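Structure, as structure tokens:
Letters A, B, C and D name the chains as they come in the text, with residue numbers starting at 1 for each one.
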Amino acid sequence: MSVTVTRRSNASTIFLIVALLAVVLFVAAPWWAGRAELRLFGEFFLYLGLACLWNLLAGYAGLVSVGQQAYVGFGGYLLFALAIHFNVHPLLIVPVIALLGAAISVPVGLLVFRLHGAYFAIGTWVVAEVFRLSAAQITILGGGSGTSLPVSVVKSIAQSRSDRESYVYWAALFLVLLIVSISFAFLRSRQGLALTAIRDNEQAAESLGINISRTKFLVYVLTAALTAALGALIFLQKLRISPDAAFNVNDWTAFVIFIVVIGGIGTLEGPIIGTLLFFLLRESLADLGTFYLMILGVVAIVIMIRAPRGIWGFISNKFGIELFPITRRVL
Amino acid sequence: MQQLLSIRNLSKSFGSVLVTNDIDLDVPQGQSVGIIGPNGAGKSTLFNLITGVFPPNSGSIQFNGQAISSFSSAKRCRLGIARSFQIPQPFSGMSVFDNALVASAHGAGLSAKAADAAAIDAIEKTGLIEKANVLAGSLTLLERKRLELTRALASQPKLLLLDEIAGGLTDKECQSLIQTIKDIKADGVTIIWIEHVVHALLAVVDRLVVLDFGQIIADGDPEITMASNEVREIYTGIDADA
Amino acid sequence: MPMLNTQGLTGHYGDFQALFGLDITVGKNESVSLIGANGAGKTTTMRAIAGLLSSPAHMIQWKEQSIGNLRADQVAKLGIAMVPEGRQLFPSLSVEENLKIGAQSARSGPWKLNSVYELFPMLTEHRHKPSTSLSGGQQQMVAIGRALMSNPEIILFDEISLGLAPIVIKQIYTALPEIVRDGTSALIVEQDIKKALQYTDRFYCLSEGRVTLNGDSANADQHDIVQAYFGN
Amino acid sequence: MDWINIIVQGILIGGLYALFAAGLSLIFGVMRLVNIAHGDLIVLAAFLGLTVTASIGIHPLTALLIVVPIMAMVGYALQYLLLNRTMGDDILPPLLVTFGLSVIIQNALLEVYSADPQKLQSGPLETASISIGSINIGVLPLLMFVVAIAVIGGLQWLFYKTAIGRAFRATSDNADIAQLMGLNKAHVFGLAMALSLSVVAIAGIFLGMRTAFDPASGPARLIFGFEAVIIGGLGNLWGTLIGGVILGVAQGIGAKINPGWQLLAGHCAFLLVLAIRPKGLFPRVEH
């Protein structure tokens, strides 16, 4: 009996076509969208990136971090420091920032991996606080009140404002496509197979030859690197940075967690759906101010209790579809 | 004779209760050993010690001439020790094929194509091929038990530890399982099999070990051991070939 | 009149069905044993009766009251106590505290700390030690004492002699008549068929979640039981 | 002399941190729950104190008589109605639900009380001090420290000498078996959370008397409490007090060197302990 192994399905092929069309549409956005829309799209991509990474970390590796703002802020501050003091093109140093993010995450990871479960969560938060307080001590970057990107640096990206905004937008789009592709490729790889096994049953995974702590550490470092890159772009879009904004637990972790939980944790599709819904809610309820945040909290709690696998979990359970073809099918 | 597994003075206690009491056990390459004993005799604990789920209080374990007591479960699996769990532990959110692939890719360390082939081979051997694309979480208990065997096989073990894999099967299912295990044995895999369904065990094993209170109280030819007084005392009223 | 009976009791763990319509009866003053191979459903039956596994209300009747849907703590207060498999003492509690917590349901009756110590005198000297420092046999005595402290009308013994030394098993069975007296009934899971038949009035043999044989222990036929045991 | 003074003040503030930590440690001990909203509940208690003192004009310490029972009831209801649904082997649901609660409480406080910093006025107590040699010891910090010792001693007594403490420990060991003994798990957990929030109420009132607070003050309090727990050793209440003291002293020393280093020094002390003794300085001895 001869068998072949494939991962394609009709749903995934249709999704691939739709996704490619969407990418083309978004690449062309600077020509058809207004300034405000472009900004919104850019922000959407950056949140989508953060959500994908947090999902990889918590949903697959079981590392529930509430301190990822450490890497967002680290990336942002590094961008400002390198661009201001070394006079390099801000977009070109983003890959360097990712590498440095990976480098700093190794000692941090060695420390926080000594804590488990919920204690790991708060431990990562403490680290983010240490980063924030340390950033406030850096007087050349404005100390506690922060600093703006000098005009000369801003102009070095592009002379006209619209060009500049387009470049930063494309960079965000490129980075999020990269993150989604990396997550996808990672989950399809051997390491991804191991990670998915760990998600489902650690004891069995260990007994089948998977080195659990090494796999988790690898994911921690990978997500730290890419989160730092996202942080760099977030503050390149904002053009201003301060410790409180850069290391903000609500903006860079709480919202991201809500996105992933609402969308569906432990799936690649969940963060996309969650980010869409988050922006829909935000755009329609933003006038409500604090009430909007309370509603978001309530929705997340209700979903966690009523449908812990989120919206995508519900859909995939009901229709058995997979947009990102990860599961191998034997034919 | 080359001993594949060699256990010396192995002891393990939980609190003040001694669960494994100074066990010595040698298993030569290619042998099939059955282990019986009442509930709580320490059978599963012995497996957990061999696979490194927890460390022993004292004693040593050698596998293929190598001391493995300090190795993690994962490393022991990569060396060639595979097990099935008494209570199945499937990766519920992954397909049956992916479950097996975890074992062939990581446990056996095979590369892409070879891992696919080994996973499919294991699934075919255990008769789960029809369910290859089904999520493991939706399998019935019997299929989950087969999946345990599938994964263990896919990791290309030298030593296969089976923990009550035949419990709860119907007669027909049990016969086909026995045949599967005989085939595995014929491939040269060394097997240690804990089982309450004694007739299934006796159909396969070359040697029978009886555990009680964490100690080996009988060890030898299956038929002779089953007929011994020690075993009769433990299994009063239950006829071995019933 | 039956004190406790199950009516078509079913039991599930997730999507796996462990019990298929069990009818079991225990009368006042009666001791009844449940025997059967591993996975036959003995422990599931015990857990369902004790309320650790929720069932439709009518499937378990206690003195003509439907209790299948009650929580374990509510069942305990009705006078149904359980000695769980593997003792399951509370490791952070001393021996005496383990016994005291058994009296949590505050039922009155003959069993108090003193009477438990009289039943198992060797526990007295260990009363303030952590329960984990005891031998398996002593732990089983604490587990039994803990169940008695609630002054139950029926005690469920899950794997009463599991992993215990023969001499301890003997001590425990010697104490059984003392325990099962004055209107207290017992339902006992025992893997040793001979002991089960010797010490109980009636037996049920389970196989794959069904009763395959039952009757008076005194008249039980060894061969029939072996047949029923494996469900062939 | 300066240094001795700093250490003494650090020790005293450590009492407040131990109060933050005690409630956290307690619910972790009983039900393995880490409450991310713990700090926000402390701030909620402080605001409740503010409302009570302002509306009926009583001293904050007297307000404890009202705030403690209210917080206890909030705790019981919170656990019984919401958190019990999240308890299980998976750590994610309780973590995320309490994280959601944290966001809800912060924003609700912001809506009701605005972002302005507040303080509980405790009159002459604020400035009263005792001089020992050249060291001035504030009566309020001293009172806080004494209360912290009393609260921890009280919890210790409750856990090891009373029937409810026995029920807490039994449920913590094995909730199913405890249920067989007639203990309703949901109720026991509710009581544990009620007790935790009673301690939170005391911590909140003292926080309000000692420093200014606003709706966003919660997370930092959670982190201080958490650090005290880890430094002291999981499951050891007296260790928690020492953890709080170490944190307080480290912060004092940091602030003395450079005002910007106060919090940083505390976090570094925590990370140092984590690096050297991950189980804390005084881990509970397993039987």
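Here is the rule we use: a residue touches a chain if its C-beta (ideal position, glycine included) is under 8 Å from a C-beta of that chain, and two chains touch if they have at least 3 such contacts.
Here the structure is a predicted model, which means the values were calculated and not measured.
Identify the chains in contact with chain B as well as chain C, in label order.
Chains that touch both chain B and chain C, as defined above, do not exist here.
Which chain has its C-alpha centroid farthest away from the centroid of chain C?
Computed centres place A farthest from chain C.
Nearest whole angstrom, what separates the Cα centre of chain A from the Cα centre of chain C?
54
Using the average of all C-alpha atoms in each chain as its centre, how far is it in Å between chain B and chain D?
50
What whole-Å value do you get for the distance between chain A and chain D if each is reduced to the mean of its CA atoms?
Once rounded, the distance between the two centres reads 33 Å.
For chain C and chain D, what's the span in angstrom between their mean Cα positions?
One centre to the other, that is 43 Å.
Multi-chain contacts in chain A: which residues touch at least two other chains?
Nothing qualifies.
By the touch rule stated above, which residues of chain B touch at least two different other chains?
15
For chain C, write out the residues touching at least two other chains, lowest number first.
Residues 91, 132-133 of chain C each touch two or more of the other chains.
Could you classify the connectivity of these chains, where an edge means two chains touch, as line, ring, star, complete or other?
ring
Okay, what are all the chain pairs that touch?
Between chains, contact exists in these pairs: A-B, A-D, B-C, C-D.
Help me check something: in the complex, which residues belonging to chain A touch chain B?
1, 3, 5, 190, 193-194, 196-197, 199-201, 203-212, 266, 327-330
Would you tell me which residues of chain A are touching chain D in their complex?
58, 64, 66, 111, 114-115, 117-119, 121-123, 125-127, 129-130, 133-134, 136-137, 144, 249-250, 254, 257-258, 261, 265, 290-291, 293-294, 296-298, 300-301, 304-305, 308
Enumerate the contact residues on chain B facing chain C in the complex.
Spelled out, the residues of chain B in touch with chain C are 15-17, 38-41, 138, 140-141, 164, 167-168, 171, 196-197, 213, 236-239, 242.
Can you check the complex and tell me which residues of chain D touch chain A?
That would be residues 33-34, 36, 82, 85-86, 90-97, 99-101, 103-104, 107-108, 110-111, 219-220, 222-223, 226-227, 230, 260-261, 263-264, 267-268, 270-271, 274-275, 278 of chain D.
Taking the complex as given, what residues does chain D use to touch chain C?
Residue list for chain D touching chain C: 163, 166-167, 169-170, 172-174, 176-185, 287.
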